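In what follows, a single structure is set out as structure tokens and then discussed.
Read from first to last, the chains carry the letters A, B, C and D; within each, the first residue is number 1.
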Amino acid sequence: MASKFIIGVIGPGENATPDNNTMAYELGKAIALEGWATLTGGRSFGVMDAALKGASENNGMTIGVLSSGTSKGSSMYAEIKIVTGMGSGRNLINVLTSDVIVVVGMSPGTASEVSLAIKNDHRTILLNQEDLTVQFFKNIGEYKVQNVKTIPEVISLIKDYFSMNRKR
Amino acid sequence: MASKFIIGVIGPGENATPDNNTMAYELGKAIALEGWATLTGGRSFGVMDAALKGASENNGMTIGVLSSGTSKGSSMYAEIKIVTGMGSGRNLINVLTSDVIVVVGMSPGTASEVSLAIKNDHRTILLNQEDLTVQFFKNIGEYKVQNVKTIPEVISLIKDYFSMNRKR
Amino acid sequence: MASKFIIGVIGPGENATPDNNTMAYELGKAIALEGWATLTGGRSFGVMDAALKGASENNGMTIGVLSSGTSKGSSMYAEIKIVTGMGSGRNLINVLTSDVIVVVGMSPGTASEVSLAIKNDHRTILLNQEDLTVQFFKNIGEYKVQNVKTIPEVISLIKDYFSMNRKR
Amino acid sequence: MASKFIIGVIGPGENATPDNNTMAYELGKAIALEGWATLTGGRSFGVMDAALKGASENNGMTIGVLSSGTSKGSSMYAEIKIVTGMGSGRNLINVLTSDVIVVVGMSPGTASEVSLAIKNDHRTILLNQEDLTVQFFKNIGEYKVQNVKTIPEVISLIKDYFSMNRKR
């Protein structure tokens, strides 16, 4: 049995914009249609919830890695709930578990995950981000960080990456 | 979509006996046949590997929560690999993520997981354990710890428990 | 500058007996008189608090490694408060940070720390424990676990250990 | 006994510039002269080592929060070594334990710590950073992030902050 490719979708919770949520939903859908699993922080709002919803409604596997010590308040679209009880400490697990991270919107928690991904040599795709954000993360992450405007470009980059990096 | 019931199978790695491994394989199989997911520490040997193999070969969902920072050396039977990079710190995640823990064999890491399960009010089933082990954990865990001799008894206890505790 | 020797004092919180607390206080005092630092889980009650009090009132350095994400509710006798926000995940840090663990009383959290100490090859001294407890941990920990009845014996064992293991 | 004020000094390891190291040394010294403890990631190079050296050589208390599972390779200037075994997971502990974070230089790990500090409502002082860095973190951190050019300004800001926020 091959282990599942896992795509982490990272973005703001409470402060997600309607555009962030729409983008995250469509991204989760696109990931599911490729047969990959979608992973988020698993809460019931914002980008975390929207991406899981998009994936779940398109028969994709969904994983929520929860900061809390129980599954209370988690997204109803998370099929598998990993309960860490480690607060923001779970952000590292999101990053290490995901084969690729895709970033929709920005927040402090999101910025910590992008930074940890770079630190741990995981690939990160910034989706439709502001110039300042792109420039900051390119400065510290160089080739590990890519920047695109649309979901088809995200999927195409991931396919390229997977074609060169067989799943462990 | 309902979230998945997850059964954690806990036991020794390097020092697992052949009997431990056989029991773990059969337990993973029995869990899979109920439609539940099997979770272990996800390494490629011992109870962790055997339980995932038993589940995987019977079309069960399998989750490995890895202590290492990459998936190198993980069980080929883990469909979903959660990479924590937290060493024995991941033992808490095994416990919090599992709806019920079943314990096959004993080792220091295993004892830490049983202890953490009791501490965090998760149900634990000791399978075919020595009297000393049973008595020690009953002393500190009281009603949270149950002790049985066979896999059908394990499955029956879990069904009873789930019938009274709907999935979040 | 030499780094500080750190002795972890482990034991129950809410369910500590008056005898546990008295023993923990005297142990913290004895550790301080040797010039070693005392480390506990840092809460404001039980063995954690009593050991820090005994050390602090005798001019010993005191370290509380907190499970919570802020220092609210922590022992007033902890000079240095390490805030982890990781719940029982901090138990591993207690163990890894302590050169030697001394165990006063028993509880699920305590049992997890003894188990993690054994797992990670740290020395553990059981102080005045019940026979069942001693036998269980001797079974899984062998030579890494020692069992004594009095505080002078604890101090003597630690001195022997340090004489053979220079501080990193 | 009052618990110790702890100032986290955050910055690059391998990629620290000579200017970063000089600044970190002087900052550790200035922190020590105020009677505060200096905390870093505790490795034996870069900003982590330099800040601890500056503090230690001026009789300040020094704390290294290590990513590794043993104290091998840690700074000889860390009086207290907190061993986490959690890789970059310890970055959260650095942030939560420090009353204030001061940032010297920039790297992916450093960026994760600034982000986690903002996320967890801890105050962060950027010292002599590039405009792009300042603007990015001001965008996501607002009033929680301050930006100064010199060490005396850092000390002054911390004093103001402590005068309004008594130690727990």
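In this section, a residue touches a chain if its C-beta (ideal position, glycine included) is under 8 Å from a C-beta of that chain, and two chains touch if they have at least 3 such contacts.
This structure is a prediction, so every number in the text was calculated from the model and none was measured.
Student: Just send me the rotation angle from a CA overlay of chain B on chain C, rounded to the nearest 5 degrees.
Tutor: 180
Student: Over half shared numbers or under half: where do the identical copies chain C and chain D land at their interface, same or different?
Tutor: Both copies, chain C as well as chain D, present the same residues to each other, with over half of the numbers appearing on both sides.
Student: Please work out the Cα centroid separation of chain A and chain B, and write it as a whole number of Å.
Tutor: Each chain's C-alpha centroid was found; their separation is 28 Å.
Student: Please work out the Cα centroid separation of chain B and chain D, and write it as a whole number of Å.
Tutor: Using C-alpha averages as centres, the distance is 40 Å.
Student: Where in chain A do residues touch two or more other chains at once?
Tutor: Those would be 69, 85-89, 92, 120.
Student: How about chain D: which of its residues touch chain C in the complex?
Tutor: Contacts found on chain D: 1, 3-4, 6, 37, 56, 61-63, 65, 69-72, 74, 76-86, 92-93, 96-97, 120, 168.
Student: Which residues of chain A touch chain C in the complex?
Tutor: Residues of chain A touching chain C: 69, 85-89.
Student: Can you tell me which positions in chain C touch chain B when the two form their complex?
Tutor: My answer: residues 86-89, 91-92, 106-112, 115-116, 118-120, 132-133, 135-136, 139-141.
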